[in-house]
Structure formats: structure tokens, C-alpha cells
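Chains: A, B, C and D, in written order; residue numbering restarts at 1 for each.
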Amino acid sequence: MKRIAVMTSGGDAPGMNPAIRAVVRSAIAYGMEVYGIRQAYSGLLAGDFERLTNREVSGILQRGGTILQTARNDEFRTPQGQRRGLRRLNEHGIEGLIVIGGDGSLRGALALHKLGFPVVGIPASIDNDILGTDMSIGVDSALNTILEALDRLRDTASSHERAFLIEVMGRNCGYLAMIGAILGGAEITMIPERDMELSEVAARLEDAYLRGKNHAIAVIAEGSKHKINEVAEYLEGHNVGFEVRITILGHIQRGGGPSASDRLLATRMGVKAVEYLRDNVGGVMVGLNGQTLVPVPIEEVTERTRSVDLAYYDLADILSR
Amino acid sequence: MKRIAVMTSGGDAPGMNPAIRAVVRSAIAYGMEVYGIRQAYSGLLAGDFERLTNREVSGILQRGGTILQTARNDEFRTPQGQRRGLRRLNEHGIEGLIVIGGDGSLRGALALHKLGFPVVGIPASIDNDILGTDMSIGVDSALNTILEALDRLRDTASSHERAFLIEVMGRNCGYLAMIGAILGGAEITMIPERDMELSEVAARLEDAYLRGKNHAIAVIAEGSKHKINEVAEYLEGHNVGFEVRITILGHIQRGGGPSASDRLLATRMGVKAVEYLRDNVGGVMVGLNGQTLVPVPIEEVTERTRSVDLAYYDLADILSR
Amino acid sequence: MKRIAVMTSGGDAPGMNPAIRAVVRSAIAYGMEVYGIRQAYSGLLAGDFERLTNREVSGILQRGGTILQTARNDEFRTPQGQRRGLRRLNEHGIEGLIVIGGDGSLRGALALHKLGFPVVGIPASIDNDILGTDMSIGVDSALNTILEALDRLRDTASSHERAFLIEVMGRNCGYLAMIGAILGGAEITMIPERDMELSEVAARLEDAYLRGKNHAIAVIAEGSKHKINEVAEYLEGHNVGFEVRITILGHIQRGGGPSASDRLLATRMGVKAVEYLRDNVGGVMVGLNGQTLVPVPIEEVTERTRSVDLAYYDLADILSR
Amino acid sequence: MKRIAVMTSGGDAPGMNPAIRAVVRSAIAYGMEVYGIRQAYSGLLAGDFERLTNREVSGILQRGGTILQTARNDEFRTPQGQRRGLRRLNEHGIEGLIVIGGDGSLRGALALHKLGFPVVGIPASIDNDILGTDMSIGVDSALNTILEALDRLRDTASSHERAFLIEVMGRNCGYLAMIGAILGGAEITMIPERDMELSEVAARLEDAYLRGKNHAIAVIAEGSKHKINEVAEYLEGHNVGFEVRITILGHIQRGGGPSASDRLLATRMGVKAVEYLRDNVGGVMVGLNGQTLVPVPIEEVTERTRSVDLAYYDLADILSR
């Protein structure tokens, strides 16, 4: 394989840049040429290819976002779009493609694989909702951002008797909320995988108030049954002792430079993806299994999304006393 | 003066701890005893006084919040409450009081001053809404927190075509929003001091979109005429090109360790407040005038709150092109 | 088992506090009493035990250092000292001990185990030099600190033509230097596990200079054959194009709050250590094997220290082009 | 004035990028064209001019270093070099020049001014050693970096009985060391402006040890009489109770994104410099006087460097108890 391409797709995640860098530099070391495709499948369809050398990926290790940008594309979801994408790759003499992104991005990769094109996926999603890997790129950075926010909220608990509600990302997967709550010392966690009724939220807060806590924190995943504004309104209507204050982190969680763990995971996965292509292993995603990287069929990982391990839910209870 | 007391009151602000430390250590160097009053005027009324030595203020320089905590108190707003507070001070042999806090806290200090008790105020409020000083303790730290958030939002702009709305603190004073917008490179600023109609917000965003910007940021003070949810709803109903995403920073802005500037301001003001008491200068707040600390009558600074200099508003316009 | 004790020993590492918190809160949840031993084996010999409840470990999650402090102790290395330590444990009715620390600390734990006392070790060492676990507590935080330093050095490369030498911790194990160099984009890595001659350092820098790089970074483990001052002197005597500048990070690497990964690892290991004691599994260290925690005989892990995987060395070469 | 140029010169400082951005965007708003000169006076002599539009300065607010780079140049110190520089400016139709940099850079600007060319200086130097301004760009960011390091060192003081020596920048001016020591809670400060004998260092450390402190910190400016290695050797030869550990921050202090204060100062100064040129005010540096920006003749500010106010020295003593 002499010429490969790389793209980043879906929601951006800290660590996409180190992954691109590792792909480019290791591919060059293996004697390949690398092309970057801007704006994911949109760029693929538009033929927006750019040669990447060691120089283009210099100084990007610590940058948030992705130098290749991402975008949504509806056309590529159709068979015609997919065939047109394949044609573009062939026009440019590309022999293999590396797709860095989440669930949806990998489904695009799968389509190309089914058309017979060698594709390798790299899981990047701050939600940690991708099957087939113990960890996705971006999760560790997002968690550190969330903990920074939670640590600050606890700092300011010197103004008494406040309940802080904080919304974090996670439409289907409560990983960030769950682990963030445990590591940030929160009293309450609301995640898509397990419903908590509003009355229980109120009861827990009141309990914390009566036990003498001078503040309490609830971490709420955006995909949990009850949304943060709903929770706030309910609590204001039911006196729990604490005044309620809201924080919505939003896209802040996607920003910031990648953490050490994310850089390491991204670097290892980037190199491994190139090696899979070199060895003619296609249709797979690079998965982290324990400490080892393994090839996982994309078909398997795109069947559904991953949920958080609910054992953490009980652990949170023990630790928040 | 041989025995003084110190309290922190109102919303907590990063830098309150270095101010306490400077008060304690300089007072001791001047041969005074220092007592800390927990939970502001509530603690005063409850007689919650604690001797502070060099050891109690060791290791607090970098801590967020305040080791003396703050609280609201309605009783102290009444003349009876104020007389009872005075009595408590006299019972403990306190000859002077230093109040670290915002507008409301200083009004409490003024009441004691009018009853003849020597009081010195230190302005602490992340909103920078206190008259009589060029800068209050906590503003610089809060601004740095806001910039960190804005920098992260811009990082993640690699996912195209999003408008980020971010709500920052400031009920009466748009300082944080205004300066944050300038230093964080935002396109739109909404502050209490100047109304911006929703139609103008939409027009500006559409303009940015048409000029080819791939994202835009609007910083919205919590006290601005239109609230963030209202803005978001309006924009979703009027297609401006960008998808809208919301961040509400909330109390995160009060947390975190104090910045270098806040530590320096707090340290200087703490020492100066002690010197005023030593020199029998009461009824004043320590104000920053240029680089110099000056005594400002508390009566003057509590008349109204300070507004942001609107010259910055035009500057923001020039710089966000 | 109804009453256990916990100590932190050896060089402190970010994450020791969350480990203590997890031990205390999970032990209480399992119906045990927990005592903290201050200053490690010195405190053990001095009988410096303190009851720890949920309250004592409240608010310590994000704190650097260890609330139980650490210390060196020569007496405990002798058989008499060890017997005296055992006696102290029995005097206080302690039935099991958890030791959080590095290589040397675990050897102390082994001595107690051989005397028949139930001991469980938790590996904490920023050097990542402990056998039997894929990761020790503190490594991830230290790496993030090192990367922050390296990112700053690269920021300032706008003043041209400088070679930055930076010394990081690692007396026997080059893990921090090796991984830090890869993730921080350094050109040269000097570690205890592989000697690099001064002439090669100079040759590599000159090569980078001639290839047009406007700066270069060398990461040097403190335990590498040639020390940083020696390297600097050599380079100044042999014109390599770049001016040489030195940074020695020192104990900064041990400080700072624990990262998300360290908090998670520490929390999981703390809970697991309590479960081992509860299940009468002693003489073991909690080891991370892939993503799973497993008991590893302390005897095995204290035989020698762990080295960095030299496969990373070649990876560094590829990636620094 | 229709066409101006801007350069950054000397040691780089966080905040240079926001200054460039403010120059470019305000000049364009005033109807001028702006050219950037790469690598300072070297680029001037080489004719390395580049048109800067709003787009070129987009996204640089939070970046460390300077997009225009800096460099040293010996030729420009000669009258011939200066005349050649003037000729280059005229060749490109440049009518005014803004120089962002330190002491040496301003001397270059003065030479052009004396040849009749309109020049305005902006003080940027992390050392805060420039006369005629209360604050230079970069100082606040460097201080925050130093405090982060000092906070970490104090975190790790849980391993007992260590004296940490930390070297910070400042060849002629002890500002960073002095203020860093006060705000970071250090016990000892060694600066160029006031010699401290090694015997006094030892005596102070021993005193701290005997008073029961479990660690002590000494901040040493690189330009202080005794260098850090000398201090360390002396202390190791004279038992002061503490073990000695060294940190040399080095160029880390120049890196990192600019703080809020530096961004604000840089932005205000950039705009003001353009206004001076527009109003035909040349030969001046923009100086901060209190909170106000004022023009200061470059001739006056280049006579000598600024020293730290020694009143802080005594304050440090009081506060470190």
C-alpha cells in the first residue's frame, strides 16, 4: 500500500490531532504517502484531499479540535453517495482510508468496506459510547475538564447551602456523568442508563441537607430522562433546604488540548491503524482491550452504542457519603 | 488598637483567602491580635469568633473560597440586629473590624461605622461592580476562568457552523461579559448596561455566517435584558445559518484558586486595611486608584453599583472583525 | 475484619488522597473502622494512629500530596523495628493494614506480611517503576505536568534557534522521560535503560538544526547516564547551531491535584484493597492488569523495579521527525 | 498615515499575539494597511514584510509565543544597519512602525526615530524591567506560571523536611522572584537588587526548621549574586535540617497562553499605539500609568532598566511568618 488517506469525522474530540500526527508520521516511516481529507465525508465527496507531510503535522500535538475539521453529510448516507465517495478515493489513487471518529463515522467506514475498500477505524468520542474498545479518544480529556468544573464548584461551597446541578455530555451513554460524579465527589448522578425520579433527587438532597452537608452536587447527563431545567424547577418547587444553581458545560467539554492519556492512546492507535492497512487488514476498528490494541470488525461495533458499567453506580453511592 | 476581627461576606470570590492571610499576618506583625468571624454577619450575631494566628492562615494562599465562609443574614439589616452585632464585638473586646466582600457587605459595615465602630472594607466581588475602586478582588480570577471556557469553545469550532451562547455572571454590571468577550474573541456581547434586541443578535450572527466564519460566540451577562434561553429559542426560530449551542458557566466562575493579580491585590489590600485601623482611619473601603491604594468613604461606594465603561463596547466591535 | 489501618509511604504521588478516601469510605460501607497512620512507618512505630471517618476524607479528592503525610524510617528496616511495628498494630486492635506507596514501602509491607500480619499494598509512584501493575498511581498526573511544561517550551520557540534540555524524574525507570518525550514532541530522550553518548546527542541536535528546525527539545531522566548539566556543558563546547537552555522540573512533578485517570485508578484500587482484606487475602499488592485489578504477591513485585518498554524508544524516533 | 508595520522583538512574552491582533484590527478600522515584519530587525533588513489582514490574526488571542517570531540581530546595532532598515521601510511605503518588545528592542526603535521615522514602542518583557510603565506585557502570565509551580511544590511538602530552591527569570530585575515569593508563600527571596549572603540563607532555613515548618521554599532570581547551584552546594555542606531539592523553571516562564490581564494590557496598548501613529505621535512608548495609557519618550525609558520596589522585600518578610 503506497498511498493512504485520513479523515476526522463526527463530534470532535481532544486527541484527534495527535492521532492524525501518528498516522502521518508512521505511514511516512513505512514508505507511504498520506492525504488528509478535510471535513470528513463532505470533503471526500468534494475531492478535498491534501498531501500531509511531517511538516503539516508539526506542532499539533497539544492542539484541541482537529486540523482536518469535521462535518455532517447526508449524501454519504445514501448508496449513491457512498459509491461516489469510493470513486473519489480511486481517482486520487488512494489505496486505504483511516477514519477517526465515533459511531456514525464508523458506519460510513463500514459502507466503504462493504464496497471492497480497505478502511480502518479509530474510535474517537468523548462520550465513550463506542463498542469494542475499553476507551475512546477524547474521554480522558473531557473527564479532566469536567473534574476541573466540579472542583471549582466545591471550592465555592463556602457560600452556604447550595445545590449545584451540572449538565455534562452523554446522549446515550452516562460514562462521563457517572465517572465524573465519582471522581468529582458528587452526591447525585442522573444518566440515560438508569432513571432517577425527581422525587428521589429531592429526597437525596434533603437527606444531604439534614446530615449537615453545606452543599451538594448533582451531575446530570444530557441524555438522562429528566433534563436539568426540569430538575431545577422541581427542586425550587419542593423545598430541599438548598438553593439551586445551574451549570451547563456544553461544548467546553470538547475543547482544550488533549490530556497525556488521550495523546498516548491516539498515538498508539494512529500507528496501529497504519500497520493494519500495511498488513492488508481492513474493515476493522483499532480497539483497546486492556492495555493491548486489537482489530475489531467495524460491523460489530456499529450495531449499537456502549453503556456505562452500572457497577460504578453503586460505587458512587458508597463513595459519596 | 490591640484586637481586631475580620470576616468575609456576600458571594465568595477567589482572593478572599490571601486577603485574610495578609490581614492576619500584618496585624500580628503590628502587635495586634486577630479574630476571624465565621459566616459573616450571622457569625457576628452568634458570637462565632475564632483566634487566628499565623498557623491558621498557613497554606491558604492558593485555595479558592474562603476559610471563614460567608452567609446571608436578614437580622443584621435591622437596626436591632446591628446594635446586637456591635454588642458582640464589644463583648469580645474587638476594637476594629475588617469586612471583605461586595456591595451588600459594605452596607453592613457602614451600619457599624455609623454606630461609631471602626470598620474598614475590602472590595471583593467577581462582578467588579463596586464603586470607588478600579478593581475588586476576584475579578481577575473569574475573567481567567471565563477565558479558559471561551478558548475551549473556539478549539472545538472544528465541527462547523455552530453559534455558542455562553452565560457569565453579572446581574448589574456587564464587566465580566464585556471584557471576557473582547479578550475571548467573541462576536456578540449582551450586558445589562446596553440592550441588544434579539433581531440584532440574529442579524449579527447571520452576518458572521455570510462572511464565512465557521462559528460565532455570544457572551451574555446573566443580567442582560434577554436571557440565554430566550436568545437560543429566538435563534432556533430564525435561521441564522449556525446551529445554536448553550453553555452556562454558573458558579464555576467563583471557584478555582486566585490568580496572581488577585493574590497581589488581596495581599496589598489586606495589609493596607490593617494599617488604616492602626492609624484610626475607619468608615472607609480600601480602593485601588491606578496602582495606588486609597481610603474611600464607604458611604460613597454603597450609593449605587458600578457599571462597565461603555468605551469597551465599541472596542469589542472593532476587534471582533 | 473489623478494624483496619491505612498509610501512605515513600515519595508522595498525586492520587494518594483519593486512594485514602476510597479505602475509608468503602471500609465503612463494609462495616469496618479505619485508622490513619501519619508519616508512614515512623508513625507506625510512634503509635500515631487517628480514626478516620467519612468526614476526615471529605474534600480531599482534588488535593495534591497526602493528608497522612509520608516519611522515611530507618528503624523499620531492622527486624526489631518490624516487630515493634507489629506490636503497635496489635496494641491498637488493628487487624489489617493497607500500604499506599512505592517499591520501598511495599518491602516494609512484605516484612509485616512475613510476620503473619494481613497487609495489602497499593502501588503509588510517579516513576511507574513498580512490577506487577501496568500503571501506578501518580504517573498520569506527573505526565500531564511534564506535558504542560513541554507545551510551554514549544510555545516559546518563537525566539529562534534554541535547544531546550529538560530534566524529569526517574532514577531507575525512564517511563516519564520516554512517554513524555513522545507525547511532548521532543527530539531526544535520555533514559537509564539505554545510554546515549554525548556525541550522539550533539549529532542529533545538529541534524535537527541543519534540517531547518528552529528549536529542539531533549528530555533527560534524572537517572540517565549523563546528567543535564553535563549535557549542557558538552553542547556548549561543541557548536550544534542551537543555543542551550536548561529546565529542571524537580518536585513540581509530584505536586498538583490528581488527574482523572489517577483519581479513578486510586479509587478503584482503594476499594479493591479493602475487599482483599475483607476476604482475608493478604500479602498482595493490587495490580492493574489491562483494565482489571488483580492480586499480585508482594514478594514478586519487590524483587526488582520495572523498566520502560523499549519499543517506545523506536516509536519516539519515528514520531519526532 | 496609510500604511504601517509591526514587529515583535527580543525575548518573547505571552501577550505579544493579542498585541499584534489589536494593532492589526484597529489599524484596519482606522483605514490603514498593516504589514508584519518577521523575525524583528533581521526581517526588517531582509525585507521580510507580509500583509496582515483580519484573517491572519484570527485565532491567535490565546496562543503563546508570537506569530511574527523574534530574533537577535547585530547588524541593526550599527548606524549602517539602521540606515539600511530605514531604506527597507521606505521601499515598502511604510509610514510608521510599531515595535513590541523589551529594552533592547526599544533601543532599535529609538535609532529609527532619531533618523526621523515615526516609531511607537509597546513594552513586552516578562521581567517587568522596562522604565516608564507600571507593567509590561507578559509579566502577569509569567507570574501565574511561577505561582503554579510554587503551589505544586507546596502540595508535595507532605514528604517531610525538604527545602525547595527554585530559580526564576530576572537578570537585572527581581520583580518575578520578589512578587512570586510573596504570592507563592516562599520563605526566602534572592534578587539582583539586594544581596543575601549564603550564611543568611542557611540561618533562615535553619530558623524555619527549628520553628517546626516541615518544608521551606527559596525563590532565586537568575541574576541574584549567588546562583542556585551555589546555594544548593552551600546548604548541603551546612546542615540546616532540610534536604535540598532544586527546580529551574527556565523558558517555561515564557510559554503558555497569555493571562486575562496580559490580553487586556496588550489589547489596550496595541490600539493606543495605532492611535499615536494616526495622530503623528512618534518616538514614544505606550506606558501604563496607574490605569491610564500615556506616551513616554523612548529616549527616557531606554536609559536604564527598572528595579523592583524594595518595599515588597519587607512585606515578604512579614507575610512569610
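Here is the rule we use: a contact is a pair of C-beta atoms (placed from the backbone, for glycine too) under 8 Å apart; a residue touches a chain by one contact, two chains touch by 3 or more.
Just so we're clear, the structure is a prediction, and the values are computed from it rather than from any experiment.
Shared contact partners of chain A and chain C: not a single chain qualifies.
With rounding to the nearest 5, the Cα superposition of chain B on chain D corresponds to a rotation angle of 180 degrees.
With each centre defined as the average position of its C-alpha atoms, the distance from chain B to chain D rounds to 28 Å.
The distance from the centre of chain A to the centre of chain B, with each centre set as the mean of the Cα atoms, comes to 35 Å. Measuring from the averaged C-alpha position of chain A to that of chain D gives a distance of 39 Å. Shown for chain A are the residues in touch with two or more other chains, namely 151, 154, 257.
If you draw each protein chain as a dot and join the dots that touch, you get one closed loop, with every dot joined to exactly two others.
Under the contact rule stated at the top, the pairs of chains that touch are A-B, A-C, B-D, C-D. Only residues 8, 11-12, 14, 39, 63-71, 145, 149, 151-160, 162, 164, 166, 229, 245-252, 254-257 of chain A touch chain B when the two sit together in their complex. Taken together, the chain D residues at the contact with chain B in this complex read 18, 21-22, 25-26, 28-29, 54, 59, 61-62, 134, 140, 143-144, 146-147, 151, 154, 179, 182-185, 257, 259-261, 263-264, 267, 271, 289-292, 315, 318-319, 321.
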